[in-house]
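Below you'll find the structures, each written out as structure tokens.
Look for chain A in each of the two complexes below; its partner is chain B in the first and chain C in the second.
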Partner chain A sequence: MNEHRDDDVLICRCEEVTLGEIREAIQNGARTVTGVKRRTRAGMGLCQGRTCERLVQQILRAELGNAPEEIGTSTVRPPVRPVSFGSLVGDEGGKL
Partner chain B sequence: MSAFDAIVVGGGVIGTQAAYHLFKEGLEVALVERYDIADGTSSHCDAVVLIGDKMPGIDTEQGYASIQRFKEIVQEVPYDFEFKVRGLLYVCETEPEMEAAAGYVADQVRDGYDMQMLDTKDILAREPYLAKDLIGGFWSSADATLNPYKLCYALVNHMRAQGAKIYDRTNVTGVLLDEKRRVKGVETDRGTLLAKNVINCGGAWAPELARMAGCDLPIQPRKGLCLISEKAFPICSQKVQEFGYMMSKFEGINFTRNVSERVARTNVAMVIEPTDADNFILGGNREFKGFDISAEIESIQAIAERGIRFFPILREMNLIRAYAGVRPYMPDHLPVVSEVDNVPGYYIAAGHEGDGISLSAITGKMIAQLVTGKPTDFNIDKLKYSRLQKGGKSIEQ
Partner chain C sequence: MAQNKWEVVVVGGGPAGLSAAIEAAKSGCRTLVVDANETAGGQLFKQIHKFFGSSAHRAGVRGIDIGGELLAECEKQGVEVWLNSVAIGLFKEKTVAVERGFDNGAKSVVVLEADRIVLASGASENAVRFRGWTLPGVMGAGAAQTMINVNRVLPGKNVLMIGSGNVGLIVSYQLMQAGADVKALVEAAPKIGGYAVHASKIARAGVPIHTGHTVLEARGDRRVEEADICAVDEKWQPLLETKKTLAVDTVTIAAGLKPLVELAMMHDCQMMFHPVLGGWAPLHDAKMETTSPGIYVAGDISGVEEANTALEEGKLAGISAAESLGKIGEADADRIRSEIWGRLDGLRLGPHGVMRMQAKSEQIDHYKSAQSA
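Let's turn to the complex of A and B:
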């Protein structure tokens, strides 16, 4: 992530989180992808960070100079992609 | 080596509130957190500040006092944590549930709380997307909501700006006691911190901290799973719970639900609430699985099934994430908010199970009152550490 980029560049498109907001979260103590996520909502949207997670990692690296293993990834949780509540239950309304 | 008046261990809702209230009393405070602020239960839970899920008596009394205290904190702290009073709607499927609910509401009304029984027409007027075959429910007007990890950040950012010491990513490895077992401070992996008062706000992890001071604490991790929907138009406008939720929370409530084996096996009851970001949090269940917070498919399916039963429109909506956390469960369903008698200066504020967000404000206030030797807002003898004996049962039981 180029340090000269403007603070108003959009990083997380789902939740409309800007570079400036992510930098502010880092100033407020975020050290990891998850720390940034909770402070800004980056990665909490429909795509669950598929688009922005790599960018957030790069911003953390650029701002803090910390190692990839310290920056981490967001926690992987189901589902792997959005799935309707109805399809989870089955057509019989829960009689699986 | 740094010296303080009080060291608070644990950076969740209870620890940040305790630290904030001590700081507000003018004490030199250090807040010590092993990982990031709000890294444990406070970011793996839902968002409610309720009285209508509490037993009549001190449980509800504390909940109500906490909501009133939150209204003041909103004015004191210049950071938003999405606090809103918007009430709680319970819904019932069967006559036995309505009878149990009526008994509960009568008890709470007798104690002065604003709750009222509703019929089918009333609940549909409040929530038009509810299933049409429900027979009624009740409404509690005092109940509120907030964002728990934002609450932690708000308090920490405010304290840090005012000069309080926040030691995040700092692991407490021991409690320092003098020859009379009086508290002197804590050892951490980043050095020694001195103080005559240490407050254990470790939640589900409080027992391991308590052991460092030679104290047994019978708190167990109790797992709860939540599902997050995609953003949508408001399918509900406040917290809505099935009355069967009470059954999943407390043992010994006398009614059974007509549910599938899967729902019964996973101890699921429908709870749903809207968030500020226009997602919905659908829950929930309570299970003993140690510290395992994996989101199991059977529990996910059971929560989806139970959600659809009450809000059929969920069938068409998408799940985007399932997450679980552990609640600090106490066998007698009451937290410990107390000094430890034989370790002067060692305090415990933990064991709130699913009520920690709700009770955090009043717990923080009472810890500050205990530490500064002031009378607490109301009698909290039932929350004393000394009620516990080996095996973790209350002495009264």
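Let's turn to the complex of A and C:
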């Protein structure tokens, strides 16, 4: 079985990053979730990696065999859930 | 942005958050719960099955009934609950940014000042990657459970369940009760992960349980129409010659949960990775306080367990927050905490429970070494 037959499988659905692109990022030196994110945008979309972070961690571990502590997590920044500009700057009632 | 000041702000209105809020309010703290959903209660309102354990742990009681009791008690104790309200940020000096939802559907961001914060944000379902996992019809088992038990919508007619932990087993049964046909349950491990009693229930009902198997691919035009499963070898590699195709319109994934820790990380709470607890979770002491003073955690955010342990951890956090605000004396708080720990130890028994007990004590040990470092 060709081990990369699944290179076109989507991993980060928000930013449409495939398994092959993440493997390529790792070949190019990515060693952490943040390293993959900077090279591919995986985890930079609407859900901020809530779905794909675990998958990216699994891929890093499978490709490199390093520990969870080395692979790390995404950096968390506010807002942790999508918010409209209207509700961010609006008064009670959310109007601009 | 409106300012709001509270003695205790609880993020998340599931079993952990509500029980924390009840204990804090009972001790006289002005307490607010913010919850992202239309109804508080977290996952309790989809737990239509009876809980296990001894009577001290509400065994035989259904999650939905516990949810109702907690909400009634919150009201009695004067806990304010904001629904449709999402905590979007947690900042230094213990301020919480909340996108508050209003009854008319409007939303606006408010910044809350809190003397104490209890994070009880729960957990999210793990994804599994396979070809076609992003097709409509592939979903978390917990999502399917919400659809059938809360929204009364059947996600599909023919289901393939991935994962044989208790969630996979229980949701398989409930999908059948709701009218779906569970065509198969696959589990990559050589044996079933959840309780035998749940597994035999669905096996008796005719669901084929394939251990040592995985899902290879889901296919369909616009949504799932069929899925391939196959056996795996001892290195978890698929044995393609064993491939079988199932006609299913839904693939539900029960591959475990991970703690929803973003707010704790944002406040620089120190974290620890533990596979038994679902991955990264904040360190905490026996009072559920994190390495950030005044920030407490309870329930799945502190390591994925069950509703009954979440209830007890919530009480620990609520009482300890109240104690630190001088609302309850140390001796009383210690006495209550030791009762709670007795019950928690009772809940962390059996082969699964003992692993969790060990993992939780490692968290507390790491907390101690982090504090003395």
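The rule we apply is simple: the second predicted complex is superposed on the first by the 86 of 96 C-alpha atoms of A that agree within 3 Å, B and C clash if a C-alpha of one lies under 4 Å from a C-alpha of the other, contacts with A are read in each partner's own complex, and residues count from 1 in each chain.
Going forward, a contact is a pair of C-beta atoms (placed from the backbone, for glycine too) under 8 Å apart; a residue touches a chain by one contact, two chains touch by 3 or more.
Just so it is clear, the model here is predicted, and its values are computed rather than measured.
Asks: With both structures lined up on chain A, is it a clash or a fit for chain B and chain C?
Replies: Overlaying the two complexes on chain A (C-alpha atoms) leaves chain C and chain B fitting together cleanly.
Asks: On the A-aligned overlay, A:44 touches which partner chain: chain B = first, chain C = second, or both, or neither?
Replies: The answer is first: A:44 touches chain B but not chain C.
Asks: Can A:83 be said to touch chain B (first), chain C (second), both, or neither?
Replies: both
Asks: Touch test for A:32: chain B only (first), chain C only (second), both, or neither?
Replies: Only chain B; A:32 stays clear of chain C.
Asks: Once the structures are superposed on A, label A:15 by its partner contacts, choosing first (chain B), second (chain C), both or neither.
Replies: The first partner, chain B, only.
Asks: With the two complexes superposed on chain A, say which partner A:61 touches: chain B (first), chain C (second), both, or neither.
Replies: Touch status of A:61: no partner.
Asks: If you take every C-alpha pair with one atom in chain B and one in chain C, what is the shortest distance in Å after superposing?
Replies: 7
Asks: Identify the overlap between the chain B-contacting and the chain C-contacting residues of chain A.
Replies: Chain A residues touching both partners: 48, 77-79, 83-84, 86, 88, 93-95.
Asks: Once bound in the complex, which stretches of chain A touch chain C?
Replies: Listed in rising order, the residues of chain A that touch chain C are 1, 6, 9-11, 13, 19, 48, 50-52, 54-55, 58, 68-69, 73, 76-81, 83-84, 86-88, 90-95.
Asks: Which residues of chain B touch chain A in their complex?
Replies: Those in contact with chain A are residues 36-38, 43, 149, 153, 156-157, 166, 168-169, 227, 229-231, 260, 262-263, 277, 282, 295, 297, 300-301, 304-305, 307-309, 314-323.
Asks: Considering only the defined contacts, which chain C positions touch chain A in the complex?
Replies: That would be residues 2, 36, 86-89, 91, 97, 99, 102, 104, 106-109, 124, 126-127, 129-131, 133-134, 237-238, 240, 258, 262-263, 265-266, 271, 273, 279-280 of chain C.
Asks: Can you check the complex and tell me which residues of chain A touch chain B?
Replies: Listed in rising order, the residues are 15, 28-32, 34-35, 38-39, 41, 44-46, 48, 75, 77-79, 82-86, 88-89, 93-96.
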